[in-house]
Amino acid sequence: MEDFLKIAGHKIKNRLFIGTGKFASYKLMKQALETAGTEVVTVALRRVDIESKKDNILDYIPKNCILVPNTSGARNADEAVRIARLAKASGCGNWVKVEVIADNKYLLPDNLETLKATEILAKEGFVVLPYMSPDLSIAKRLVDRGAAAVMPLGSPIGSNRGIKTKELVQILINEIKIPVIVDAGLGKPSEACECMELGCAAVLVNTAIAIASDPANIAYAFSQAVSAGRLAYLSGIPTSINQAQASSPLTGFLREND
Amino acid sequence: MEDFLKIAGHKIKNRLFIGTGKFASYKLMKQALETAGTEVVTVALRRVDIESKKDNILDYIPKNCILVPNTSGARNADEAVRIARLAKASGCGNWVKVEVIADNKYLLPDNLETLKATEILAKEGFVVLPYMSPDLSIAKRLVDRGAAAVMPLGSPIGSNRGIKTKELVQILINEIKIPVIVDAGLGKPSEACECMELGCAAVLVNTAIAIASDPANIAYAFSQAVSAGRLAYLSGIPTSINQAQASSPLTGFLREND
Amino acid sequence: MEDFLKIAGHKIKNRLFIGTGKFASYKLMKQALETAGTEVVTVALRRVDIESKKDNILDYIPKNCILVPNTSGARNADEAVRIARLAKASGCGNWVKVEVIADNKYLLPDNLETLKATEILAKEGFVVLPYMSPDLSIAKRLVDRGAAAVMPLGSPIGSNRGIKTKELVQILINEIKIPVIVDAGLGKPSEACECMELGCAAVLVNTAIAIASDPANIAYAFSQAVSAGRLAYLSGIPTSINQAQASSPLTGFLREND
Amino acid sequence: MEDFLKIAGHKIKNRLFIGTGKFASYKLMKQALETAGTEVVTVALRRVDIESKKDNILDYIPKNCILVPNTSGARNADEAVRIARLAKASGCGNWVKVEVIADNKYLLPDNLETLKATEILAKEGFVVLPYMSPDLSIAKRLVDRGAAAVMPLGSPIGSNRGIKTKELVQILINEIKIPVIVDAGLGKPSEACECMELGCAAVLVNTAIAIASDPANIAYAFSQAVSAGRLAYLSGIPTSINQAQASSPLTGFLREND
Amino acid sequence: MIIKINGKDEAIDKIKNIFELITHKGLSCEKIVVEHNFSIIPKEEWEKIVLNENDNLEIVSFVGGG
Amino acid sequence: MIIKINGKDEAIDKIKNIFELITHKGLSCEKIVVEHNFSIIPKEEWEKIVLNENDNLEIVSFVGGG
Amino acid sequence: MIIKINGKDEAIDKIKNIFELITHKGLSCEKIVVEHNFSIIPKEEWEKIVLNENDNLEIVSFVGGG
Amino acid sequence: MIIKINGKDEAIDKIKNIFELITHKGLSCEKIVVEHNFSIIPKEEWEKIVLNENDNLEIVSFVGGG
């Protein structure tokens, strides 16, 4: 079965997107990206530290990966737009994860500013993936204004709490036409698997992989779990029932009438 | 990393055990077993229907699989023992899944009769895998009396309700020395994945695979999910926190002091 | 202990708000309101059916209740404002539950239009309680624009699915200064109790009471549960632990050294 | 509506049973028992400390309460029987909570020894309430051997983790004829309320009340929550649905055709 | 004279103002609200508002709602 | 001669032992197990066990089970 | 005379029976239970049970428990 | 001449344009982006942009982010 996630003309086979923050080293990051076989990675943009030159992260990201700069650090739509334009000027493509955060404790997205930035950037030709708080009314507007996908949070960034917004994410999946990609909060492969079973188009994982003692191993585990969940979604999840249904023949053994 | 489940001298690589009941055909069953790459399968024993000869199920089970006859149909220890002995006489090995059920609605195991049958069969040299209701006091006795593993239920057989007994299963995993294998009730790959993350040694799935529209696909999905969960368990599951932790650098963008 | 919810100068003792829709009769509604001792009730505004005069609902609402007209039927801010003004002209006070819904399947609020309507109505002196999808960035703006409380949904209206948005509602409770009142979806007293334990200021229940076989009984049950949850919140919820802690003395019985 | 829990000829109105361990003082305990209006309390039996005389706990338990000595400290059936007989000799009645624990970490009951002790004590005329790990096969035997009720754990004693064994407890409620009383682990009124909604006959709470900063308040909250849950159970819990159902009239406002 | 009441055209005769209309229809004054050509009309002004051809009237009241 | 096979009485003629019965019934020897009067009979002994009036035979094999 | 009381050896003098011991120790009769050499002794028999060298006494009462 | 680079004032001499500055600082041209007085400057124009007193330069590049 050929099953691709199509965004902006790209055919993406591996539905585990990986964020590159917080790895202990670029080498460990590279191993994780390669072992997982991920095809979409996020990066951030920051001022160059002129005094202490560091390796360039791009040298550690497999060449076949789609690079998605995020707008982290932006506190409003204007800042997000400025970051996105700078990122695009790097020549690494026109994808952008819009991330506008005003709350420092839970790092929750500002849906209104996110909406504004998405509109501006989509008009400029960006492939816009907005990080958002799951809300159908905003998601519908993001679709109208040109988002390529929506990225609702599962739980706060880096919290490893899993998909605590399932009810609302499921409604997004049911009601909007563009891909729904759960971003933030997934801490375990089983949670990523569950997202895919619900019908998510992909998931983005960063912290749970980056801070693991063995990032490559856990990245591979997430990759498998995402693949498993996707396959289950495509094959149809069986419904659950309240009682039992025998899996062995119900006739008693060596008895006539059971 | 070489990671095997060792039971009775066997080294089992694939920790997805599959039950063979309820498949629409032996051919579909065979595809599922092969696609999943399972190494342990359960079967039941029943009277031959002399009038209408059917294919023999054993012809459809890959030769490398360990065959585990269950004692389904048994309502007490004596019946379970009788079935186990008959199964052994078939020449297909000495493994047995003890399954003694007195309740027809939820098909819950009878822990006391299960304990008795386990003791008798272990003494006779069987490799005994008892299906049980998760209860530490019984599990400890099963260990003492020679069980090779314990198989607590996740939820009622065939219910596809998942791992509803997590609290008690986790305690078994923490407190007993032999493998804990969740048997019954798993309906989705994410649930199998979660069991493995908790530290289960394996899971046994039947209904969710057998009655799927495409058993081979869903069997493969379960197999991947189990592998992912195992890998995550071995690598260490990160703890979850209540607040957020940034995955991108926390400095604001193009600002000094954030 | 004197514990009042204060909104717009009113001191509200009973933190169970009740919606008046869907009752089989006004008489049953009245019994439910009285038995629960509720002090805040919502109503809707509709065209008078001139041909078939019906009883007036206001005759069945206890006189001490604060009447909160909702803006149901509104699909945008302008319609909500129009309804609110009409309601106010009735002379029944200046409270309004802003409810702007664009989605007919899940009846989810439109956060943006809700925000606009809230701003307009608050400026006109209304006591505005906006029904909203739980999202911190919108909730903060609602505070800034004069909402008297925010009313995030627990789950879709009438679904009886409980508090499926707990993660996001808890963040609202932690981060905003005005009362958080869970509205919609609560189906059982235990769910209302849990909302109060989380720190909600009140809950609004309609369907679960109105369509019950005995609305007065279930209204009383909700009222008790809300009171219990509030008391527990005020007294402090104990933390949970993973192991056990004996409640009986840990010395063994008739033994020296345990 | 007259709704009593009947055990051994007693009619019990208040379905919150309270354990008396771990209170900071007998005075606080007394306030909690009185405020909650509880009618059934558990106590433990221990060697008198001859050197330092303390107040007698019985002086602080309201006279109308049924006293239920537990057999805590017992590690097997014989010890439990010995404790029960001593307790009975005190002249405080013939009720006993059989509690046989072999595991010191989770304080889980030993179902087999509990079963033995229950049989012996029931034959001697005790009203036996066995603390048990929820398992239908054992529960049925406890019924057969004369238990007056069964007391499955919600989660480990003192853990405040709530009703983590819901699946199995619900099956007990559905399948056995004697009262099911959840004992151990309830940490919040909402959890006690939920147990009652499931159909439990009563709940027993100790730690969550005893170690609260204000035991009387929290005891009252539990009492209300239990009452609310019971009332909801008797009135019928509404089913939940996946979509929304409007509670306000579905006609749009001032529009013809919606 | 034809006026629109709650979305439906209706022919009325000999009725001059809102108050007369409400009375004629047998509605209870106390608990209804009237919007005349999209302006809310306080009860005390019902007698003053003269009805004209093609006027739009909305007469609303409270019903159960959540 | 009447013997009980898998719970049903059956008249059999000219069949002396278990092996003959299995062959006569067209069953594959390899994958079945036979219990004769509640004793399991190894395949190599099927020829030795002479069937008598009222004997009880159980012939079982594997089927799908969970 | 040495007897074991609640697990500890104790020398007692001039005390003949359980009742005297309880009284001597200042314990309240009403709410304790006494086991003498593993037999529970009803209160009304405390005076009749004569204490002997090496007797084993358990004196218990209720405390808080869950 | 004082210009602001990444928020810090810096004195530079004998450097005329952006290209020279980047080279002087030893930065790799390929993977950085330069904003000059709030306008993004394509690499091919770095030589054309003459630096003046009080210019504001931002030099950014990619780092790990989620």
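Chains: A, B, C, D, E, F, G and H, in written order; residue numbering restarts at 1 for each.
Operating definition for what follows: a contact is a pair of C-beta atoms (placed from the backbone, for glycine too) under 8 Å apart; a residue touches a chain by one contact, two chains touch by 3 or more.
Since this is a predicted model, take the numbers as computed values, not measurements.
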Between D-E and A-H, the pair with more C-beta contacts: A-H
Identity of the chain that, by mean CA position, is farthest from subunit A: G
Identified repeat of the B-F interface (over half of residue pairs identical), from C-G, D-E or A-H: A-H
Interchain centroid distance [CA atoms averaged], subunit A/subunit E, Å: 56
Length of the line joining the C-alpha centres of subunit A and subunit F, rounded to whole Å: 62
CA centroid of subunit D to CA centroid of subunit G, Å: 34
Junction residues of subunit E, two or more chains touched: 7, 58, 60, 63-66
Shared-contact residues (touching 2 or more other chains) in subunit D: 19, 21-22, 44-47, 70, 72, 105-106, 108, 156-158, 161, 206-207, 210, 246-249, 254-255
Interchain pairs in contact, sorted by label: A-B, A-C, A-F, A-H, B-D, B-F, B-H, C-D, C-E, C-G, D-E, D-G
Touch list for subunit A against partner subunit B, complex: 1, 19, 21-22, 44-47, 70-75, 79, 82-83, 99, 105-108, 156-162, 187-191, 193-194, 197, 206-208, 210-214, 217-218, 220-225, 227-229, 231-232, 234-249, 251-255, 258
Parts of subunit A lying in touch with subunit H, wherever the complex brings them together: 19-23, 26, 29, 42-48, 50, 53, 56-58, 67, 69-70, 72, 85-87, 89-90, 92, 157-158, 184, 204, 206-207, 210
For the subunit C and subunit G complex, residues of the former touching the latter: 246-249, 254-256
Touching residues (chain side subunit E, partner subunit C) in the complex: 5-7, 25-28, 31-33, 35, 40, 42, 58-66
Complex interface listing, subunit F residues touching subunit A: 7, 58, 60, 63-66
